[in-house]
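Two complexes are shown next, each including subunit A; its partner changes from subunit B in the first to subunit C in the second.
Moving on to the complex of A and B:
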């Protein structure tokens, strides 16, 4: 499959270039933005698995990001080696997902959406009251704090999520997920075990979300425990996935790059917090006029260039 | 091969089937005839596990189907092509066929079955990369039946395969159904087009208000005055 090989080389090339980025620049702002972009790729791909491929609009994603972040942070600061802390965080997020997944997946459509949203909010309130004090890195860690390991860890996380989505989209599991997204009853009569399929998708999705949280916890100097459970993490992921292209491999990558750049630019030029309103409007516009996201717009533009004429209206 | 014994089925509080019994032998085409809302589709859904009966039992080759979830029933070789066709409009034709072979049972012989399906409906092969929602009604029905065949059913249940199709297309679909039956697949057919249903079926059950009211050889029903008046229109008399 020569076409596939081309994609593999491009993908490998981009990873190699990103891995060499610190050789070209030591500007901390560039590295910081790259860290954030890569972390958003990981988080948004994790939402893309359950929301984009399996079609289960989970608005409680922040809960899994938060559980991963908090678990990793406290285990790591308590002295556990960081890799073990990170995996424990992702594991805890997955276990929690399986516990709530069994009852939550009895709900369909809007009830699942509300259920997951409320669940994450409950968890945030609990964490806010139980852990009111910010967690700051101890002095000895601060003295040796360097962006480089954070950058490479974020890169590894992002690459892992892209590989995971690539294999899911080509697997039997992914086929079952897409069937559930399209029509649950038809999937059931085709022989798809609905609950099992959803739970596996949810477990992979939340494992990656927990990983994203753990990497964020490693990256941040100071963390307010309630903040990692903020619905912002859910809605940032949703906006990124929709803007980039839901249920696609490349969409969340494009979305993350665009999101971080625009967010940085807006927060430099707009008074505090107003950038959120811009993203709200952007989200509505994309859903209304570009429901397949930027990736579809790019694809159409590409066709237009190669054909040298206006693209034909799809569908009709 | 299939034995439905005295089942009752409810939609929530609403009782949809009363003490329904039906049998189907290997290799048979059996038609289920009735007016709108009489419980035809409900009976198929009960057999397919989408709406399990509250009382009674459903036996397929000695296995209690009413105790099994839908995705397991497919593995026993019972496949429902529902009234809304059970295909995935946002996916292309070959992805739909791929999903037809999702069960372990279907996956084993996927390539061979795919060959058979493309032989039966050559148009599907030409359209294999086309999005399903852009197919015509007849092509969608062919895809629905093809997708069903990919699960390698012993019993294929078809819910209104002629719905919304032109007479000529309906004729093609029924020719295909007869061909499928000749390969040894038993067929349980729900059909509003009573005339065509009674011509392909060997036996037929008539269902009214959730109860089986008559069970006859199909050729006798074609001559039955009551059936003619109720379902075929007086000009057949």
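Moving on to the complex of A and C:
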């Protein structure tokens, strides 16, 4: 329990610091990177629930992000209050997930992976073809555009996702999800309702993905509708979760910071497309030498430090 | 006593005059060491073969400007060199936003834009938000100019003007002329616009659209479309392929022995990768452009010589259009006389200047009015000028035009 309190204080302290960030800087580039990092935390945590905890590799995550983004954007610009638009976007993404979830979860392993990937691609092509014109904020809205509400909304989204994952990982539902991830047949034999657990995980995951899409739609001054269905939203989330530490609470947070800030730093300091190559090499190195992600490396380092101290204490 | 007070008052007056009053007056503004200009371009990703041309042009142009001491700024009564910060948006709209925010905080007085719908449609809105000019070759899209964004200026041509040009070009040829048209429509905004004008133009000029098919950006297999156009007997093929798709389409047309008399494509054939990727297969493909390295307009000698020296070849079509954007910006900054974003915007709006790509002046929506448009045809690794629009009449002597050639069947090439 004391360990938990320590974690809560650290978590609360980080949130308080992040909440105070705009007091220290009003640089639009810093706030933009921060918004994006927080939005990536939300999106990657949402993938972490279905992919990391429930073990269902959903490569169609962009579809739910996109549905949330477009629904929110069009309702908001049509005059619906933003909070209602945001919740509608997340709700539509969840309903769509439940509709396709029942047939999709009949597929297992690689078939589920391919099925979800194809679904997102179909949506992207259809949206790209039907809506080729970008959705642009009206000039009057641009006059009052401020990054601050976007930043705080992104922060709230990220915190919500971390809290959701925290409670899931410690709940009966979370145990059921992890049991399915480890061995579906064994979980069924142990009395876990497989389809129900998968559907609940999928619903929570896609609700958060839709929410991430809605926040992204609120943040962007212009969006090409097909862009929010682009597979990069799925693959970025997957990369972040794997680099940070799959099936962990902290992994996606570390992964998002690494992914957004390092990538941006490299793009500002390495010319001629070299930044992409260097980022790719770094990613390969992380996967090779830290297959369980940064979180595992941190744990190992922590153990080394602890072990290194003990003999000194004993010796002293 | 009275004298003593007078002395004190006089002393106070002197102290105020010497120390206090000058400190209350606004200090003379110190001239910056450089004029900061950003260029957010798609240097990687699908639009890289277009945007790298813009990058080369900006670098050559500002080297020239700086070699002459920079731009004269009246406010500081001196010439100040230009510092250009080139940022890669990876052909991704989100990265365009991130990099434009970097440029904004860096203190750029204006941004020279890249080419491609994403960069243009998204980037210009960010520029409007930050009240920083976005000036560049842009894309041919017409819709972005109808959104009330007044910090956006494009030196490129626009779809309502270039799309019908193909029919005028065909009509300028002797009979027998091809009449049956096929359209391969990529699912992007500017192509959707072009299709509308191609349809209207066909109706007006007596052409028949016998085949029309949409496809998604990133498509790799075009065989169904090619066989469809072939079966419909289409003799003219209109399209708007992205740079990676153009060469793939041509190769598949050869494989499937589809022999239109004219291939008229916007975008892909002006990419620096098109000719090298296809070699002789690129021959006879036509593309409308806003500049050619064969134009004998003032300034092109220097541009061609420098491009040849630095990159080992003459500039591709976007090069001149981007170079012209640089010329417009420098002209506007000089006329503004101060390094203020709004003042620079206002002077760009009043631009009426000769550039390497012809005369440029802008409509209130920021598109170049009466823009010179040339049609180039690939032949033996070169792009020959085979047609020009009405604005080209003013440059008749400067345009080395050759005759358009119908494409022979693949079997006889």
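The rule is simple: the second predicted complex is superposed on the first by the 287 of 316 C-alpha atoms of A that agree within 3 Å, B and C clash if a C-alpha of one lies under 4 Å from a C-alpha of the other, contacts with A are read in each partner's own complex, and residues count from 1 in each chain.
The definition used in the following text is that contacts are C-beta pairs under 8 Å (C-beta built on N, C-alpha and C of every residue); 3 or more make two chains touch, one makes a residue touch a chain.
Worth saying up front: this structure is predicted, and the values here are computed from it rather than measured.
**Q** Between subunit B (first) and subunit C (second), which does A:183 come into contact with in this model arrangement: first, second, both, or neither?
**A** first
**Q** First (subunit B), second (subunit C), both or neither: which does A:194 touch?
**A** Once the two structures are laid over each other on A, A:194 reaches subunit B alone.
**Q** Could you let me know whether more residues of subunit A are touched by subunit B or by subunit C?
**A** Ranking subunit B and subunit C by residues of subunit A touched puts C first.
**Q** With the two structures laid over each other on chain A, which partner does A:172 touch: subunit B (first), subunit C (second), both, or neither?
**A** Once the two structures are laid over each other on A, A:172 reaches subunit B alone.
**Q** So in the superposed three-chain picture, is A:268 touching just subunit B, just subunit C, both, or none of them (first/second/both/neither)?
**A** second
**Q** List the residues on subunit C that touch subunit A in their complex, please.
**A** 43-44, 48, 86-88, 90, 92-95, 97-99, 101-102, 104-105, 117-118, 121-122, 125-126, 128-130, 143-144, 147-149, 187-189, 191-192, 214, 216-217
**Q** Contact residues on subunit A for subunit B in the complex?
**A** Spelled out, the residues of subunit A in touch with subunit B are 172, 175-176, 178-179, 182-183, 185-194, 315.
**Q** Would you mind writing out the residues of subunit B in touch with subunit A in their complex?
**A** Touching subunit A from subunit B are residues 48-50, 69-71, 74-75, 79-80, 82, 84, 86-91, 95, 98-100, 102-106, 133-134, 147, 151.
**Q** Spell out the part of subunit A that touches subunit C in their complex, as residue ranges.
**A** 27-30, 32-33, 36, 125, 128-129, 132-134, 136-139, 142, 145, 220-224, 226-227, 232, 264, 267-268, 271-273, 275-276
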